[in-house]
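Dropping the structure in here first, questions after.
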Amino acid sequence: MSFLNIIRRRLGFLILVVVGVSLITFAISHMIPGDPARLIAGERASDEIVAHIRETLRLDRPLWEQYAHYAEDLLHGDLGTSIRTGRPVADDIIAFFPATLELVVAALLFAVAVGVPLGVMSAVWRDRPVDHLVRTIAVTGISTPAFWLGLLIILCFYGRLHWLPAGGRIDQLIDPPRAITRFYLIDALMTGNGAAFLSSLTHIILPALTLGFVHVGVVARQIRSAMLDQLNEDYVRTAKAGGLSRWRVVLGHALPNALIPSVTVLGLAFGDLLYGAVLTETVFAWPGMGSYVVASIQALDFPAVMGFTIVVSFAYVLVNLAVDLVYLALDPRITEIG
Amino acid sequence: MTAARKVLDIRDLTIEFPVYGGAVRALDGITLSVGAGEIVGIVGESGCGKSVTAMLSLRLLPDGRYRVLNGDISLLGHDVLAAPEADLARLRGGQAAMVFQEPLTALNPTRRIGRQMIEVIRRHRPIDQAGARALAIRLLGDMRIADPAEVLERYPFELSGGMRQRVLIALAFSSDPAIVIADEPTTALDVTVQRQVMSLLRRRARQSNAAILFITHDMGLVSQYTDRVYVMYAGRVVETGATGSVLAAPAHPYTRALLQGLPDHAVAKAMLPAIPGNVPDLRHPPAGCGFAGRCAHAVARCSERPPLAPLDGEEGREAACWFASIQDHAP
Amino acid sequence: MADPTLASAVAARPARALFDWRYLAYRLRRSPLTIVGLAMILTVLVAIVLVPQVLPLEPNTVNLRARLAPPSAAHWFGTDEVGRDIFTRTIYGGRISVSIGFFVVILSGTVGSTIGGLSGVIGGRLDTIVMRLMDVLLSVPSLVLTMALAAALGPSLWNAMLAIALVRVPAYVRLARGQTLTIREAAYVKAARTFGARPWQILRWHVAANALPPIIVQATLDLGATILMASALSFIGLGAQPPAAEWGAMIAVARNYILDQWWYSAFPGAAILFTAIGFNLFGDGLRDLVDPKQKVR
Amino acid sequence: ATAKDVLVIGKSADPQTLDPAVTMDNNDWTITYPAYQRLVRYKTENGKGSTSVEGELATGWTVSPDNLTWDFKLKPGNSFADGTPVDAAAVKFSFERLFALKQGPSEAFPEGTVVTAVDPMTVRFQLKTPFAPFLYTLANDGAAIVDPKVMEHQTGSDQAQGWLSGHTAGSGPYQLTSWEKGQSIVLEPNPKYAGAKPAFSKVIVKFVAEASARRLQLEQGDLDIAESLPGDQLDALRKEGAGKGLVVEDYPSFLVTYLYLNNKRPPLDKPEVRQAIVDAVDDGGIIDGIMLGKAKPMTGPIPDGMWGADPALKPAAHDPAAAKALLKKAGVGSLKLNFLLSNKDPNWEPIALAVQANMAEVGGTVSLENIANATFRERLGKGDFDIAIGNWSPDFSDPYMFMNYWFDSTKQGLSGNRSFYSNPKVDELVRKAATLPNQAERTKLYQQAQKIVIADAAYVYLFQWNREVAMRSDVKGYVYNPMLEQIYNLGEMSKTK
Amino acid sequence: MTEAGIDSPLSVQDLTVRFPVGRNWLGRPTGHAHALNGIDFALERGETLGIVGESGCGKSTLAQVLTGLVKPSGGTVRFGSSPGAEAAPLQIVFQDPNSSLDPRMRVWRIITEPVFLHRRVPANELRALAQSLAAQVGLRPEHVDRYPHEFSGGQRQRIAIARALAADPSIVILDEPTSALDISVQAQILNLLVDLQRRRGLTYLFISHDVSVIRHVADRVAVMYLGQIVELGRAADVLDHPRHPYTRLLLEAVPRIGQSVDDEAAIDARELPSNRRLPAGCFFRERCPFAAAGCEQPQVLEPTADAAAHPVRCHRSREGALAP
């Protein structure tokens, strides 16, 4: 029942988000000085040509009318046509978004895989050298400019060591796996395409490492503080008084409970990861939405920017819905989320 | 009272917690023992060191957070302060069990009761899952829990406070302990439920001839449920003896003042004979008698520390006061 | 004790305005990383404030003859593609970055906390509306929002700062509101309400002081984050504009030289790292100190 | 390293749209140019790209005496990738589509041109007014002949614009077979191509945004050609290249960099002040210091190598003293100017800084405004600047691209005359030159106009670029044509291994 | 039942409070906690009305309704004789002196908060006021410049009491004022409260779950169960001759020094039912050893025919079926 409740509430919120986000981005993108028509026409185009393009793009209409058109299309699931590429925005999103998502998920997995053990050690040995070391690593991660780190990593692992490829999602000479989920790694596995899998795997390692490193810190920090909270709880004392060994208490009781509040933080981290992905993508020539959005903003491509913002916000809300549900599944105490 | 065998024996224990601005002398030379099958109470005000005593008896305080300055603890023949962690882990929840104050937080909130009980049971008994489960059901049944099998499937938050405390007591008795340390097990409960829980605890202990170290700040409970009592004040034991006689005829001025200050038997709205002042700051423990600053009878000698000395007239009665004498405290 | 004689009125100086400084100092001594963070912050501050006073430095002097010179006695950090001294530019970049940090944090912190505090104290429908609005704002990917805002306002340092500040406001609204809701449940606020306190009085007398420590901690952590974000914006060309010596903008150019002139990107990058680590370490430590849960009695 | 029959080109950005009637971007033309054919093409003479044209789809053409009617005879045997023959109807379709869409590329073609298919192999262009450069515009990417069958992909009334933005439908040597957005484009030979069979079975165009990464990939042999590398990196490559199997070639290009001086805004409305800026700017210093010598000073508006340039002209001298004197004479006490630039070209910023320093020497204060390219353009169009910087390259090989665009007062603003220059005499000269068929006569008129505009100091002509192309040394057959930047003659290229 | 006399400084009638519990996705509550279910009483000037009851029976809720922190769902609260008189000369002292004092305010600010919130008073006057109030509750004048954390629990409760006095109230609600304090300090505070009442003629509504404290301070006692008063009368009558079965159970359960307990009998206690769904009929029926026919009817708080006996919410008791 409460699962349903949460889903309903989130879906209601989703409508709000779509309306809000589309309004905000619409307003912002029309605040941007500059004329997209001029951009498409090319610098030297005559005013007449520019006017013609404005007309075909409805840019000459009043703002509210433009928005109304946009909203109407949106209701039909149509995100409009990109000014810059002349393709439906939805097509571009399908082309670019999965790559970003794949990268973000990989980075998140990396961050969790490394961050959780670090956080646990840090909490268990609080104020000991291990703790200091972990906190230093965590803070360094959080403080590293991803764009800079990416350059260094390429230089090192590709330039000097030649260990791993430095750009793209897959080797050019290998055909990408048949698109099912559009996550290359998963698609390659599902279609049993070993070469594609290996190639995608080697391609994703460096960017995921770069992006994930920042969040190792976020995760370790969060786990540490949640673990400290849990280790202070009475039930830990009870478990110890029941004769359970230290690690059984830490890993069996405290850690699962510490993970519960951390799920929310991971949900939030997802948003930050999308942010970081943009910078990482450029550096690693990762064909995700990062460079697309930057280019769209620079080209004043309103439909593209709005479409992307809406889709990403959508994804964000959905992720948070998932987080809520996971939370609910993990924590029996919560019967409703207010 | 001479107990046949001492299950818990604390000798002259002094510990402190390093804190901001010095160190808190939480226990200042306490000596305390619990005999087999005996129910011993520790009574005292908040912060006098009751919980520290209990926790330290199983060495449950986090290592490195406290310093033992003096003394030792012997639990069922083990030197608690020196024993390896593995030995203690075997002892904990086995021969020596604990029941805590706050039953809601004392259970892992995200685990079903059954899983928590079975985990501890199997830690101490070589039985399989089903056996442990059957045992858990029996233990809960002993605690007069109506539908034990169903309770095993519940989460702690789905139980009432009294139920949770009964679960904890059942758990404490799961491996036939020789001693159960109960740290204010009923403070969070209502009086009606408190009575039930206390009676269950006592009856269960008597059944298996387990000793109980019962910690409380409620004189009434001490009186009703313990054989012998230690009165603590500011990290020290100020008086001990058979419960009935200590409460009827307190020997230490603190015990006396405390009992007189209770409104129970005073004339309505009359001024109560209150103890002036406040509990001393344990970062600067008084050199002499800890109660001297608030004692109506304090004299120069009280700046020397009085030892816990046997009193004439009654076996097992001891008090830490230069002028201790057994006086009838007229309610 | 109960002796109300005026004769014994000796003014005892208490020490608990916002933070208990002596207590903090005590805890600080046991937290080496916090001290390291503090030292790093101080180093940065001293460098950006004092170095230009002591050394006659000019961040924008072009010297095409000395372009792309490696680090040397004359140019400690080497020179860039038009022969400007990278050490000087790194120092001046610190001025920009640190000012951005403070500006953004102070602006978004005050605006956000005020909104959040009021919303929390007043509650009801207003609170619901404010929070839904913030939820929507938080759902917009902050990157797109910042970038779009920066682009809309026109790429400049000032606008980038405004954009970042705007984007960070909801976080403070949430934090301040959360704090307020907790404080609102505290018995002293209930007491104040029984005395007939109005919402703004509760905010002024009780919420402001009590909610401040976590907000300050958040702000300290945000200083690091903001500096990173600003440099990222500059890196993609939406922030500081030349010839301003901003770290991100410097790296944006320097990345083209990373293979042959390592020093060009290394020093501004290290400067960002150093400064952000400083603020994050310090903020992290501060959080531990202020967090009541973690206080050892 | 890549296989012998595969060419991998590293680009800095994904193409935007591949519709030849829409795209105005050289970056897109890398794909479109080899995928389509045009009526005429630039010649290759002695292995070098030339600015004169020859027939590609056309075998020949005739012009009516009044310079208004052009008839083109088509070569038989050409067909599109799907087998549709290239005939007059296809040509007519392509141009009508171009004019109907009325996007940027249509700009080059004279207004009101009517295209008719005289017979299946003859197509006629009827111009409204004589337009001397017409023949050259037909070699533009925009003049690509598109398979009329694309209309099957039309949605709404978009003239199949949506479909063509991501596909090719031409008769050129290559066709697009896959486009992983943001990642790579694969071109494969067009089986119906009438010319010689191309050497590569695959041309992969990869997008690598980071210049340093592109260079690394080139060095490691993951790329055969790396585009848009910054000058310093090219230098480094040149130095270490030989050992690594790399070559970096220099070619003189028609890409010029110059400064717009807003002739309408005081104090720049005074020719003395403009001349003072011309004198103050150290062109040579910029070329040496920033362009690392890989550019050539401009003597006037028409770059060297384009007919119509006046060989007698000398580059403007760096003369701060003269500049100061001029300023004094103009009565400008403190000269405060803003300098608009964008991040479009990484060289602009250092150039701007150098100009700033140069102006400081003569007592002028120049404040830099580096803004987003879109805003930059916007403000250029509105004339909201004092000094601005720009790059220019011709769309077709005719001095018209410089003289008429830059100085005709009707083209003021973004379309070409970005200094907002206006001189009736010059207007008259360049307009006349645009109508005459005779090249010698036109040269005379253009040279006359050049003298005037140089004296008026309408712009600061800085330099024309050397185009440097970095590729693996086993890539053979590449011909650089200054009119075809970022375009590769893929049909004729090959690799040795 | 005491007549809601003309002179009563505070009277409540049929007070009910429900708290919404849980919300569905539309924000509508999915249930209610019935905290108060029809409370009637009238305070007499200068008396102490003690309220006892187990945890969760609604004692604090009652206090919060009276102080205006919680809006009643039904019923009326009357101050003085005029109905709806707003400015109630009423103050409250909370249970936990740690959380009821703002840790970041100096004591003189805390004590004078009821004053300066409403009037602009110069700081030195406020301090003087604070010092005199501090003296009345047994604090030294210099204490007013300190912060709360520098005081012990008992002293903090004195500060809270001083603050309550600042507004010069005639009624003070004391919500478990001593239950968070050390037993050795409890007597001090009780003495102080009794003394202040005598000196200032205060009326107290004294809430506690500790029967012996109530016995000590109260003139009259109201016993609460599940949001209702089940018995109301003079302290000695109610506590020495309880008439309601619940009162008896409660008194019996209070641990007394020197009294022994029969474990077997004690084990069979039943716990308090939830207030999410109210029982039909007598609320205590399920736990009542005397439950019989008629108990399925809702019970009213009524005096017996016997004029000397106090009102009780139990028909069996009124019928004399439960002879003590």
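By letter and in written order, the chains are A, B, C, D and E; residue numbering begins at 1 in each of them.
The working rule: a contact is a pair of C-beta atoms (placed from the backbone, for glycine too) under 8 Å apart; a residue touches a chain by one contact, two chains touch by 3 or more.
None of these values were measured; they are calculated from a predicted model.
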{"item": "Selected pair, greater C-beta contact count between A-B and A-D", "value": "A-D"}
{"item": "Label of the chain whose CA centroid is most distant from the centroid of chain B", "value": "D"}
{"item": "Gap in Å, rounded to a whole number, between the CA centres of chain B and chain A", "value": "54"}
{"item": "Centroid distance [mean C-alpha coordinates] between chain E and chain A, Å", "value": "54"}
{"item": "Euclidean distance of C-alpha centroids - chain B vs chain C, Å", "value": "49"}
{"item": "Shared interface positions of chain E, touching two or more other chains", "value": "155"}
{"item": "Shared interface positions of chain C, touching two or more other chains", "value": "1-2, 151, 154, 255, 258-259"}
{"item": "Where chain D touches two or more other chains at once, by residue number", "value": "210, 212, 216, 372, 375"}
{"item": "Residue ranges of chain A in contact with chain C within the complex", "value": "13, 16-17, 20-21, 24-25, 28-29, 31-33, 127, 132, 135-136, 139-140, 142-148, 151-152, 155, 159, 221, 228-229, 232, 271-272, 274-275, 278-279, 282, 293-294, 297-298, 305, 308-309, 312-313, 316-317"}
{"item": "Interface residues, chain C side, partner chain A - complex", "value": "30-33, 37, 132-133, 135-145, 147-149, 151-154, 224-225, 228, 231-232, 235-236, 248, 251, 255, 258-259, 265, 269, 272-273, 276-277, 279-281, 284, 293-294"}
{"item": "Of all residues in chain C, those that touch chain E in their complex", "value": "1-6, 8-12, 14, 16-18, 186-188, 190-198, 201, 205-206, 209-210"}
{"item": "Residue numbers on chain B that touch chain A, as the complex places them", "value": "55, 58, 60, 85, 89-94, 97-98, 100, 102, 105-111, 119-120, 123-124, 155, 157, 168, 171"}
{"item": "Chain C contact footprint on chain B (complex, rising order)", "value": "17, 19-21, 24, 65, 276-278"}
